[in-house]
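Presented sequentially are two complexes of chain A, the first with chain B as partner and the second with chain C.
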Partner chain A sequence: MTLWLRKNWIPVALLAAGLVLPNLVEHYGNFILASILVYSLVSLSLTILIGFAGQISIGHAGFWALGAYGSALVVTELGAPFLVGVLVGGIVAALFGAVVALPALRVQGHYLAIATLGFALFVQQVLFEWESLTGGRQGLFVPRPEIFGYELTDDYAYVYLMLVIVVLLTWMTENFRRSHTGRALMALKMSTVAAEVAGINRARHIIIAFMLSAFYTGISGALYAHLIGFLSTETFTFTTSLSFLTMAVIGGLGSYVGALLGAIYLTMAPEVFREFKDAQMVVYGLTLILCMQFLPGGLASLPERLRSLRRRRT
Partner chain B sequence: MLECVDLTARYGGIQALAGVNLTVAAGEVVCLLGANGAGKSTLLGAITSSAPARIGGVIRFQGQEITGWSTEAIVRAGIALVPEGRQLFPELTVEENLRMGAYLRRDRDAIAHDLESMFELFPRLRERRGQIAATLSGGEQQMVAIGRALMSRPKLLLLDEPSLGLAPLLVREIMSLIRTINAKGTTVLLVEQNAHQALQVSDRGYVIEKGRIVGAGSAAQLLSDPQIVNAYLGGATT
Partner chain C sequence: MVANSSRRDVLMLGLAAAGTMALPRLSWAAEPGVTKDKIIIGSYLPLQSGLAAGATQLRDGADAYFQHINDNGGIHGRKIQWIVENDSYNPQQTVAVVKKLVDRDGVFAIVSTLGTATNLAALPFLAQRKVPLINPAGGHERLNAPTDPNVFGLLPVGQDIGAAMANYAVDKLQAKRVAIFFQNDPFGKDPRDGAVETLAKRGVPVVAETSYVPSDVDMSAQAVAMRDANPDVVLMMCITKQGALLLQKAQQLGWKPKFLAQNTMGDPITADLAGEALDDVMVILFTAIETMDTPAVREANALIAKYHPETKPGYWTYLGIAGAKVFVEAANRVGPDLTRAKLLEVLYNFGRYEPGVVPPVNWSRESHGGPKTFGFAVWKGGKLNVVEGW
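The block that comes next holds the complex of A and B.
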């Protein structure tokens, strides 16, 4: 038991913090916590796509939007329960994920990045123009989350619901990583030629990675929609996609703690950087450059990095 | 066992293979000789469906047409490729690399048994089974690459320039290993620039030039053909 605890103290501590924190903060604090959980799902989705599969996307705002609008519309127009809406949001995003995977089968790197960017711009534009469905420039009101007939009127309860979802999806991710498919993805990332001649079907695995990543981001978008209560296409811009990527890089790709740290960074940075007003984006950019230069493993690698620095000094 | 009929391959406007006819019978070691860019690797890529080229013609394996099959299906059918430049998984250990070769297999016990026989075939790898592949010497890496391909239990083994970048002594060692592997029942198609060494271990050979087969015959015939000797064996050999 103690050995188990020593090995797993980080997730245990994080879970404990997640359970206790909502009680210690005010209303706005719970909104911040909910935002962190929303972003951590996007972070997790990029961990799968970039960290495991070695693919890139600067179009994740597109999947996020599909999840958000998908869930909002299913709940408002069809009267579906909130949790069904969230699931639909994820599934809609996943289906588009399969489509976005198609260019990834032919092009890589910069070209793939541009293709994903094109996808996100396309989604945003269509949502904006489709006024009868999405409200266009007027935006769309989204009801509060509701489970089994109880409306979660404040963010306090919503945070706990999200916590369950995040823990569940993190657990799923870890299982995926250890699965046959997860390992095949990592093999493809290490050496595509070697993996293919070992009989790993590249096309199928890349499509799975994109679909799974899009699914997580769709779920996140859906949770976000019901948290904010109002959707406008201005939320889902190129800048949003970029800040997702920034979050993943700063947190540290390929580790769950990194995914969470990235989400905390993305949520807290506007609060902290607000002082800089118009120079905010400059500060963001600078942080990203400094991080890539001095901390390529992201915030998650900070303890390791400090340890190695201290060792060098002695 | 393997039959290529009028095989063509083009990358955009470049014709890499211009109607290649080649057969490999069960139990043989056949080598394909040629200079850089002659189309050797493309031919192996076409057979395994791993070259990004447009393929024409017919490829038959054990009487079944496999043209256009996925690489996965071809590996399943019993063809394994040792790619040019070895292409190991650099961050994995020797044992993990070997196990990756058995990716499509689900018979755990037989895989463990085959892993053991790889260590018998390449005793040097046994000592290094836990070592990261990127830290191996060139010869050891080549052994891992061959072992990995064998882990899929192929009926036909395709080797793409296994001698590349190896010291002469190691080249000879790899070549004699090819004979050993063949003696255990695996048919081999060997692509080489090192014509002399390749012909030493082969039953028959083909010579490819600019995407066309320009010569074929038994190893002994090719070794005594003055044109071949001049073009690929560095003039008169002693």
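The block that comes next holds the complex of A and C.
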């Protein structure tokens, strides 16, 4: 037991913090926690796509939008329960993830990035123009989450629900990473040729990676929709995709703590830097540059970095 | 957990989380935001975004008016503290800001905000807490013809602007054949819809409709298509740049119908962009223009010159001032014992009130949205002159 705890104390400590924190903060704090959890799922999805599979996407706002609108519409138009909506949001995004994976089978790097960007712009435009379904320019009001007849009007309860979802999906991700498919993806990332020679089907695995990543982002979008209560296509822009990518890189690709740190950064940066008034974006930009300059491995690499600095000094 | 994590990661997480934790400022006052000598109110503005220019002017306008009131003794002895937060035009940040303003800063009301999607995202929380929201600038019915009991809009509904333009064209410009030039998005389509409906009612045919998107840089096709339909009045629901381009093209073609444009064409920069082609073009107004010679506008111009000389009076500044004026007037009417419930009650019984920098409002419990009456002005030699006040 002690050995298990020593090995797993970080997830245990994080979970404990997650359970305690909502009780220590008021509405504003709980909304911030909820936002962190929403973004952490996107961060996790990019960990899978970029960290595990070595693919790039600057179009994740597209999957996020599909999840958000998917869930909102299933709940408002078809009267489906909230959790079903969230699941549908994830599935819709995953299906489109398979489509976006197709160019990834042929192109890499910059070209893939542009293909994903095109996808996100396409999704945004269609959602905007399809007025009868999405409200288009008028936007779409989304009801608060409701579980078994209880409406979660307060973010306090919603945070706990999200916590369950995030823990569940993180656990799934860890299992996925250790699965045959997860290991195959990492092999492909290290050397495509070597992996293929070893009998790994590249196409199949890339499609799985995109679908899984899109699924997580879709779930996140769905949770976001019910948290904010109003959807407008202006939310799902190229800037949003870029901020997602920034979040993943700042946090540190390939580690769960990094994914969480990235989400905390994306949520907290505007809250903290707001104090700088007109200089807000300058400070934000500076922290990004400094972070990349001194912590190329992201925030998650900070302890390692400090340790190596200390070693050099002694 | 993946490699590379250690105790310090968790420490960092703890620190980051602590940032969200700082407990709320406890206030024992009976009413949030109202103390013995202060009224704390708030606003969220997209100060860092594509709308930053307008947001800054709106902020400076409202701020100038609040400073003026404070310098003259405040409201029943209480000074106004107006907390402005940036939301970067991101609804997630707006909701965060609004929760911070209401829960942590304990604001009494929200006054003069900007952004359609952002304002709409803030509505459910503000409604739930019954926080008065005065002058949420944006283009949506829930902001401009609000049904929420705590929302009070000062901007007209797009359809009403178009209807007023159509009526003016028929009544004052003797229009027999109308053409419509509009921006193909909510900004242009709503007034276009209002105009088309009104013209149909009045039995005046729309002989041509042309549109553009904001990235377009050539209006030749639109100008030619409308000229060929031979209208006597052209309604323009457009922004400044494309409007100026259309007018220049019309001048090149030697085509001279009467132009009646939305208020955006009243911006001083229009004169630089369109030059002589702007002569005789008419503009519908729902905020003041700098040259309007009324006591309210002269006062507004003086206040901006005094408190924010770096800002020019214009659409956004007047709109910011209008929100501030309505709040101050309402809070003054409530009296020394200021509560949210009493403020709402006063606003429901506001009746006709003239902020002067925007058309008069006429609020009741059932209707507390933007104006239905408008002013009209005409360009002459690079100057905009009022033809008809509101």
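To be clear about the criterion, the second predicted complex is superposed on the first by the 302 of 314 C-alpha atoms of A that agree within 3 Å, B and C clash if a C-alpha of one lies under 4 Å from a C-alpha of the other, contacts with A are read in each partner's own complex, and residues count from 1 in each chain.
We take it that contacts are C-beta pairs under 8 Å (C-beta built on N, C-alpha and C of every residue); 3 or more make two chains touch, one makes a residue touch a chain.
Because the structure is predicted, anything quoted here is derived from the model rather than measured.
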{"item": "Touched partner set for A:V164, first chain B, second chain C, both or neither", "value": "neither"}
{"item": "Partner chain(s) touched by A:I147 [first = chain B, second = chain C, both, neither]", "value": "neither"}
{"item": "Chain B versus chain C as contact partner of A:L286, first or second or both or neither", "value": "neither"}
{"item": "Which superposed partner A:L133 touches (first chain B, second chain C, both, neither)", "value": "neither"}
{"item": "Which of chain B and chain C A:A98 touches, first, second, both or neither", "value": "neither"}
{"item": "Partner chain(s) touched by A:L15 [first = chain B, second = chain C, both, neither]", "value": "neither"}
{"item": "Partner chain in contact with A:A194 - chain B first, chain C second, else both or neither", "value": "first"}
{"item": "Partner chain in contact with A:I264 - chain B first, chain C second, else both or neither", "value": "second"}
{"item": "Touch count on chain A, higher of chain B and chain C", "value": "C"}
{"item": "Interface residues of chain A shared between complexes with chain B and chain C", "value": "none"}
{"item": "Residue numbers on chain B that touch chain A, as the complex places them", "value": "48, 50, 70-72, 75-76, 80-81, 83, 87-92, 100-101, 103-104, 148-149, 152"}
{"item": "For the chain A and chain C complex, residues of the former touching the latter", "value": "8, 10-11, 13-14, 17, 21, 24-29, 31-33, 35, 137-139, 141, 144, 153, 177, 224, 227-230, 232, 234-235, 254-257, 260-261, 264, 268, 270-272, 274, 277-278, 280-281, 299-304, 306"}
{"item": "Touching residues (chain side chain C, partner chain A) in the complex", "value": "1-10, 12-14, 16-17, 19-21, 23-24, 47-48, 85-86, 88-93, 95-97, 99-100, 102-104, 116-117, 120-121, 123-124, 128, 140, 185-186, 189"}
{"item": "Chain B contact footprint on chain A (complex, rising order)", "value": "184, 187, 190-191, 193-201"}
